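Read from first to last, the chains carry the letters A, B, C and D; within each, the first residue is number 1.
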Amino acid sequence: MERSLEKQKKWEQRTDLPLMLAAVAFFVAYALPVLKPEIPAFWVEVCDWAQIIIWAMFIIDYLVRFSLAPHRREFIVNNWFDLLIITLPMLRPLRLLRLLTVLRMFDRHAGNALRGKVTSYTIGTTLIVLVTAAIGILEIERKLPDSQIKDFSAALWWAITTVTTVGYGDTVPVSESGRFLAIALMIFGIALLGLVTGLLSSYLVEKVSETEDKTEYKILKQLEAQNQELKRLSEEVRYLREQLATAPTKE
Amino acid sequence: MERSLEKQKKWEQRTDLPLMLAAVAFFVAYALPVLKPEIPAFWVEVCDWAQIIIWAMFIIDYLVRFSLAPHRREFIVNNWFDLLIITLPMLRPLRLLRLLTVLRMFDRHAGNALRGKVTSYTIGTTLIVLVTAAIGILEIERKLPDSQIKDFSAALWWAITTVTTVGYGDTVPVSESGRFLAIALMIFGIALLGLVTGLLSSYLVEKVSETEDKTEYKILKQLEAQNQELKRLSEEVRYLREQLATAPTKE
Amino acid sequence: MERSLEKQKKWEQRTDLPLMLAAVAFFVAYALPVLKPEIPAFWVEVCDWAQIIIWAMFIIDYLVRFSLAPHRREFIVNNWFDLLIITLPMLRPLRLLRLLTVLRMFDRHAGNALRGKVTSYTIGTTLIVLVTAAIGILEIERKLPDSQIKDFSAALWWAITTVTTVGYGDTVPVSESGRFLAIALMIFGIALLGLVTGLLSSYLVEKVSETEDKTEYKILKQLEAQNQELKRLSEEVRYLREQLATAPTKE
Amino acid sequence: MERSLEKQKKWEQRTDLPLMLAAVAFFVAYALPVLKPEIPAFWVEVCDWAQIIIWAMFIIDYLVRFSLAPHRREFIVNNWFDLLIITLPMLRPLRLLRLLTVLRMFDRHAGNALRGKVTSYTIGTTLIVLVTAAIGILEIERKLPDSQIKDFSAALWWAITTVTTVGYGDTVPVSESGRFLAIALMIFGIALLGLVTGLLSSYLVEKVSETEDKTEYKILKQLEAQNQELKRLSEEVRYLREQLATAPTKE
């Protein structure tokens, strides 16, 4: 068991950077034919093959990690998202989210400040999710006759009006797959709203509790008073002891 | 009074599982003719009868619990939702929410973690509410000529755009009853937003207060220092006493 | 100064109930011709006169309170909303909000629980604001040719989709005054969202801090240990003193 | 280094008021031709020149502060927004946000109450942002044939429905630049929602923790009891010492 855990860590350390690069490459290979449909057919094919190869890499990585995992059931539960995007071809646009692994770089630069870290992650994740959703919806909806999403600009506009829950309704997905993507984006939007609010309100709660008088402050004052009393008492006892030490000699 | 409380508990323990199953059965009997309108008329009738029978069961359960309740006025107030969905035929789709009793199963598996429990309940409730709202709106709006909600997929899409408060406006209820359902869903959506935010911000408030220096931490440090001082003092006093115990013998 | 404050309180105590009733009467006189436009012209005129008389009452009450106020500038600042709805005829629908004074009744029934009180006020205020906005928008928009709000049901539907920030866009005010009302409702909606979230998250923060291990808990444990140590020390000192009291006699 | 920091402060103190006035003047020069397109061409030109001159002032101020800054890289990072609105002509409407410097006046009047300060800033910022967004979108969209935003009233209506995330969709930007502005407004809307919620929930968390029994309160009670015990102990020890002081004389 111990040894398999060690092997697992080694595997993850070695594959960390290559998989990050693979995620970036997958993003490019996916985005290019969607954003520039006028590129020669040869390059489209190259991108297709690149996607398939990188997808195979993701599968191999998953299988190796699975075989090395000490608790296999736990591994499947913890990596449900990886399993989902590897197996379901319908969720192919979500594979772009492998790009989120790039955010791990924040870990290296980040100090202790939890809130700063959460803020960085939130902004990074939001940007990647928005671009991913825009490219995904563009691929799905562009060729549909009654779609309003025909270029990247409209796609990004749709993604942002959705994630902020503004929802004008001027650009709306009309296909089943497009709606799936939209639902994922809405759930992310709700979580984003919660995070922004949570960050701001945790900040306010802390700042307010620092500046305003509170029970805690009274406790601190009481403790300081107690410390003084204790010191006085110690002094008294020390004096007592000295007296006692000299008393017998007096006698 | 004591005895009626005992009887009430016994009744609830005995009917817990059957009522859960009845709620699931009601859900199936309600959903089937709505989702599959092409099933033979015989099965539609079976479903209709099943709904009526289960509804009667709900009424009987309510009346028994009412007759056993020690404080009847309190009982009516606490079970206002049950009374509402039993009496008003207009709110029939809301009877599907009896399915929420299935979530009681979380209680058995859940540990101490309140937040984990609230998260489980929130996700479970949201899923049931969404499916319930989608089936309900589909039944109400499908046959209306100017409705945009003609199949389950559109109904679920409407439910999700509503609950997340995105509200594109591409699928909107047009009948009075449909709007009633929509209002219930919007109120749930507001509460859901509040819960998600509350969960995330309570988590952040806690994490931040753990990692960052705060008054509490200073208090803890003070207390630890004080404890050491107290122990030193105790030692001193014990020494004093020993001296005193031996002093008379010296004499 | 002291005496004018006393007079002010007396005036407010005496006019409290009559003004509440006047607010209810104003609501009825305003709502009736809007909700039932088919009532005879005579009753419409009665309602018009009732509104004017009650409006005059509000003005007189404002002027009396102003003349009794010890600090007049402060009074104007604190009662800016009263001044606004009394003077601007454009904001006439907002006069219905005088009905909110009825919520003062909660103060009598409410116990200590702040959260329960805030919840009651929030629900009460929301209901009154929604009905007020619906009646107001109906009066403003019903006669406009391109308006989608022609009956109370549509007006309430609009009010609820707006206050929850869902904003389908299927019913939208088209006149300047209607949009003014809508903006007031949206601001209320934002505050409502904040309140619901705040209530839920303050509840969660508290519950979580109660159930989970925290610095505070450690502090409490330390204090309990300290208390034991202190008692032991006291005992020791008492014994010491007894010894000392008997020692001289031994000698 | 020290000297340049001193110089920087001096520069900022001297330019504070002129830059505030310049921001107001820029606002007027920008808003006038947009809100009153019927003014004579001469005045339009005056406004154009005023804008260019004030823009040049902003650039000079930026360059002087840059040259005085002790850490230049830090300066660029901290003043990214200034650099952005100075350099990108596309973001010209955002220059109106320099008006936010007027809010610095709150600092003079504000007391200790952090929450009051945040509330003032939030309301002030929201008003300026809304008016800025309305004027900006009006300038961008008014001349477009398929735009629904043709006057200031419609522009403000759009801005408010967007910032509250209601998003009816009855007035929507149709140009690229308009959508850019809309996205900035939506991001502000999300932050506004978070702030309102944070303010309300920090208020509720504090109020509730004050009124309800909590661990902290128990700690305070324990400490008070302990202090009494300590005093009693001190008394005892003092008595002991007095006895000890008299004991030898007895002998």
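Please note the rule applied: a contact is a pair of C-beta atoms (placed from the backbone, for glycine too) under 8 Å apart; a residue touches a chain by one contact, two chains touch by 3 or more.
Here the structure is a predicted model, which means the values were calculated and not measured.
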item: Reference interface C-D: repeating pair among B-D, A-C or A-D with over half of contacts shared; value: A-D
item: Interface numbering overlap (same over half, different under half) for chain B and chain D; value: same
item: Rounded Å distance between chain B and chain D, as computed from the means of their C-alpha atoms; value: 38
item: Separation of mean Cα positions, chain C and chain B [Å, integer]; value: 27
item: Where chain A touches two or more other chains, by residue; value: 165-169, 193, 197, 199, 201, 205, 209, 216, 219, 223, 226, 230, 233, 237, 240, 244, 247, 251
item: Residues on chain C engaged by chain A in the complex (per definition of touch); value: 165, 167-169, 197, 201
item: Of chain D, residues touching chain A in the complex; value: 112, 114-115, 118, 162, 165-169, 172, 176, 179, 182-183, 186-187, 189-191, 193-195, 197-199, 201-202, 205-206, 209-210, 214, 216-217, 219-220, 223-224, 226-227, 230-231, 233-234, 237-238, 240-241, 244-245, 247-248, 251
item: Complex contacts: residues of chain B adjacent to chain A; value: 153, 157, 160-161, 164-170, 192-193, 196-197, 199-201, 203-205, 207-209, 211-212, 215-216, 218-219, 222-223, 225-226, 229-230, 232-233, 236-237, 239-240, 243-244, 247, 250-251
